[in-house]
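Shared chain: chain A. Partners: chain B in the first complex, chain C in the second.
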Partner chain A sequence: MRSSLALSLCLLLPFLVTAILLAGGLFRRQPNASPGPGFFRRNGPAVSIYLVIAVSAWVFLTIVFPQIAMIDLSFHPNLPPKKIGGPEDVFTLENYRYFVFGPVSSTGSLNTLHLGAYAATITASVAVTALNFILCYPIAFYMAQSALPRALRRLIILLILPYWINEVLRVFAVRLLLSDAGIVNRMLLATGLVGTPVDFIGNNVGLYWGLSYTCILTMVFTLYNALESLDKSQIEAARDLGAPWWHVHMFIVMPYAKPGIASGCALTFMSCVGSIAAPLVLGGPRTLWFTPVIYDRFYQALNWPLGAAYAVILLVSCTVFVLLSLRILGLKLGQIAR
Partner chain B sequence: MPDNIGATAKSGVVELSDLEVRYGDFQALQRTNLKIESGEFFSFLGPSGCGKTTLLRTISGFQSPTLGQVKIGGIDMRAAGPNMRPTALIFQNLALFPLMTVAENIGYGLRVRGVPRRDRDVTVSRLLDIVSLLGHGAKKIQELSGGQKQRVAIARALAVEPSVLLLDEPLSALDLKLRQYMRAELRAIQRRIGITFIYITHDQAEALAMSDRVAVMNAGRIEQVGSPRSIYSAPETPFVASFVGENNIIRGRIKRFDGTEATISTALGDFTGRAAGNLHCDQPAAYFVRPEALTPYQPSHETCFAGEIVEILYEGNSSQVTLRMPDGEKLIARSVTSMTASPMLGERLRVGCNRADGIVMAIEGSHP
Partner chain C sequence: MKPARSHRIVFRIYLGAFLGLLLAPLAVMAVSAVNLPSYPQAWPIEGLTFAWFEKLPYSHDLMDGLRNSLIIAVLVTLLTVPIGTAGAMVMEQLKARFRPIYYVVVISPMLTPGIITGVATVVFWRGVTRQTGLPLLYNGIFLTVAAQITFISTLCMLIVLARLQRFDRSQEEAALDLGANPLQIFLHITLPFLRPALISSAVLSLLSSVEEFNATTFTILADKTLTTVLAGRIRVGLTPEISALAIAIVTLTLLIAIVYEVSRRRAEAKK
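Up next is the complex of A and B:
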């Protein structure tokens, strides 16, 4: 019942919003209203109505309603379908308590397994983000400021090409590369640098590799976008005044690109925290990433409310983390969307 | 520490020896030999695209020469990057740092050199005073007017105490009044500080008004170097004669040449004037005479032109009169009104000048 109501709301809302905006548009068309053509006048009625429907459908169907459903679910107990909506279906914080303290029956005082996975995921994602920034900044700078058009086109194709392949396949390829019998280990053995194969998967080199690889494109292109508009003469002026290269980057280029850097780091961090293929395939036996934990709540433990609670915890804490970081950097959310 | 080269190269003598710059196959700067003295205000004047910026970037180290060398203060700059040269460049677009305040912009070069904040502040306020911007130090760059930005750029460059200041058309973005004011200002700053200024412009009035010496450039080549007066009154090439100031050009062939004077025979008759360079008989040549040298004809004039008035432009303190010559070509004369009762369109007018006012110069083929 609840779901059918939600569904009908989902489908109706875009039309409702359209109607409201249309009314607003008509209202604004009154003489001596705002100067300049309004939204509807500028785009024509067909395009305008399409835009309103498409955007509101996008916002409500893919973002607002699923998240509301998820949040709602996370505050309910795990019940068989028959009992949903019955007297036992009450508001509860049990799922959130479970994340911190574990099952009521457990002996430990804290749910160390899941808390640990959560902390490890956040830490590793911060590390991967930092690593990615260090890897991508020089590439993006070269692309934006020094590459000739031909070299730039070639480089962009080289960067994009691997992403035509599905992520799961790419991650498996990294696993093959780094496995005990993989090319890297065979080369290391052949050159005699190591006596026994290096356990790249076990000590998480593979995981970091795979995660960085997954996020490189986001980072490079966000940084490129930010650096491209920097006037070359700014850099030359700093050089001319005697600045060594590191000083130019630290005090001229990076401050200029700060919104882009923040945006790239936020995107990388979020997609890193939320990635699932790389941790599943490349995570060592001792590594517990938080997304597989969520996945397991849904499909192994079949406890959807608990999974929902975990997903909400991850989403909310990461959003807060990113917003706080922006705040510390003195940036507004609007600035990073340039 | 960063400018150990700058420390030893205190003198601002700039020497260019056999300097050439190519971009791929394109020769942007032809072989150039030139010495600019310490403390000189030296201008490069030429049309857009003639290689002025290229030359300046080569001196400042952003462009490496294809051949030859740049010496500053007697030291070869081959191995010194732009951050190691005793030069400071004022960019065509100023290139001020938009995220810094005026004071931070001016102090940037000192900050790079590790000058402590307190000493930096002292220098910055002294420079703000020099460029008449005291009290503007805390402002953002966007809050300044065009002329103020200009002066911040100058102060920022002077802060690092360069031996040579390089200026790339710094006034071209300003309106006329401000440009004239900044001309005087720049010249005054240069006198006060006494360092070498190398100034680039396509505006001949600017170059003539400010410089000790001017080099006129055309298509990557320096055509003539000299004082503003000699550039204006004794051009050595047809390009200089027509680019610097206005000139009437009457084509013909050399009839007589005696080493200092030459006579040219044209469709309008024979004219005698100063000879520029070595000429020989029957060579294609032209007679150049400036509009302001042509005054209403008097018996004492050695040269005379007569034509029909086809245009009169009143310019306040003078007028410009265009005459059509018998051969159909136009001849422009200035300052005619003050002498005659106001001339009328369609009237015949005789104007004249003396031998010393005309220059006879060889021209090649299609050259003006």
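Up next is the complex of A and C:
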């Protein structure tokens, strides 16, 4: 994205693709070339142009090029606008080195602040994902298999209610509940369990609660969707043959729900790792979370290449987690998110 | 299937606790919005007041944020519904060989954290602005729209695709035999068939756009939206006004959701 030639190519690409495809459509007139009518024959010129422009603008201008630009920037030094494209604008791994070792002035020691934030974010997210799975599995199983239609409808309404409320507000509600003068502390003080208010925000309990709370419904509904189609007679057959309840779950229900479990965990992990509302609102003064670190690289330290590098690290971590959980469960990418 | 009685009782207690924890924060928020003390508290109730609601319209940054949020939501919806529809139609028509890679590319925004999309969008458009010298594109509203359509289009595509897969191609062939051209087929057969899915995706686009925070916080720059104003205020301190605003937003969202749900049910009942 450095030279203006590359850039104009980027912006013109959707139109270029349209033109090439149109030309291809016009010149390939043999009706027997492919089974069924071709793309342009089938859709006609107007619809074809709409489809190609809309899809290629979406794919290139909002998905592919921005990601490439971010990755590209992460391999460049932080320079003032005038020097960009100049002799100092070289390919460098400095930003990634900085993530591990910190500023050059302190060679030898590790960049404990950022590495610590990263490690804390990943471990906490894995823990929250596991916890949410354990909490949601019984609920989802009940909804899918045992609940009567009326009870199910009422339960779904109760679950959807908080689902419609946006993340910032959900986090705010948790903060109200857990603040020093919040209702939980009042109750604890009244019962005499504690002498002074418990600092839920300072010791990060609030943050973990908030994270678990904001993504718990994704997990419930993904698992429910996966379990809904499981044939009840399979479970009954297992019971009749004398299987204990945990056998039923381990060897029948869970293997069947694998794609749902994988996508539920992937979505939960991703929204945890990428959450910025919860750490901003529920983070204590000493809380370290990776997303605010990225935000500060951009808008406090004004070091965009470093911020981009950190974003790439986060993206790679997410991808690795998703692929790893798929590998563990023996699934393909196409099987989740469906 | 009748599980043992003791199991059922244990599960009932668990379900109750789960729902309690899920709904308690919202109940606390709702009560604190109408409670008298100037620190948002749910208990003890010291008196009923609507003062916190009355203050809302006089807050400039809130109203600015609300206006921007609505502008962004409308622009996003106008773009994501056509893009999602095109995305779904292309998915249907694509040759089996290319379908997996296309699927991965267009589904990836949903599996990417919002902040990554936000970062990538600002970085890309800052580069574009520097190259072209068009400062027009580098403003909070444009960037936020650009970032939000990335993943909201995927949502729309999935909704439209689900309906498109039930489309009976023979209708199209019949129209062709009767002399319709592809454009007429698209306008008079495909689009009417997709109508329920288009309405669903428009409603969901509007709501997800207004509620989006993770990407918006990176792309909004010096401007503000409802969610960024809200987050900023919460960081400064907790006030009952925020609770009041929360209740206002929740009520509005639920109203839209209920109207949408009811009209969808009614449309389904007609068939």
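Here, the second predicted complex is superposed on the first by the 275 of 338 C-alpha atoms of A that agree within 3 Å, B and C clash if a C-alpha of one lies under 4 Å from a C-alpha of the other, contacts with A are read in each partner's own complex, and residues count from 1 in each chain.
Simple rule for what comes next: a residue touches a chain if its C-beta (ideal position, glycine included) is under 8 Å from a C-beta of that chain, and two chains touch if they have at least 3 such contacts.
In this text the structure is predicted, and so the values were computed from the model without any measurement.
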item: Which superposed partner A:Pro244 touches (first chain B, second chain C, both, neither); value: first
item: First (chain B), second (chain C), both or neither touched by A:Glu236; value: both
item: Contact breadth on chain A, by residue count: chain C or chain B; value: C
item: Chain B versus chain C as contact partner of A:Tyr256, first or second or both or neither; value: first
item: Touching partner for A:Lys83 - first (chain B), second (chain C), both, neither; value: neither
item: Contacts of A:Val64 with chain B and chain C, given as first, second, both or neither; value: second
item: Touched partner set for A:Val322, first chain B, second chain C, both or neither; value: second
item: Shared chain A contacts, counted only where both chain B and chain C touch the same residue; value: 236, 239
item: Touch list for chain B against partner chain A, complex; value: 2-3, 60, 62, 81-84, 87-89, 91-93, 95-97, 99, 108-109, 112-113, 156-157, 159-160
item: Interfacial residue positions of chain A with respect to chain C in the complex; value: 1, 4, 7-8, 10-11, 39, 42-44, 46-47, 50-51, 54-55, 57-59, 61-67, 69-70, 73, 81, 84, 135, 138-139, 142, 145-146, 155, 158-162, 164-177, 179, 181-183, 186, 213, 216, 232, 235-236, 239, 245, 266-267, 270-271, 273-277, 280-281, 291, 294-295, 298, 304, 307-308, 311, 314-315, 318, 322, 333-334, 337
item: Of all residues in chain A, those that touch chain B in their complex; value: 231, 233-234, 236-244, 247, 252, 255-256
item: Chain A contact footprint on chain C (complex, rising order); value: 1, 3, 7, 11, 14-15, 18-19, 21-26, 28-29, 32, 39-43, 82-83, 85-87, 89-90, 93, 100, 103-117, 119-128, 130-132, 146-147, 149-150, 153, 181-183, 186, 207, 210-211, 213-214, 217-218, 227, 230-231, 234-235, 238, 242-243, 246, 249-250, 253-254, 257
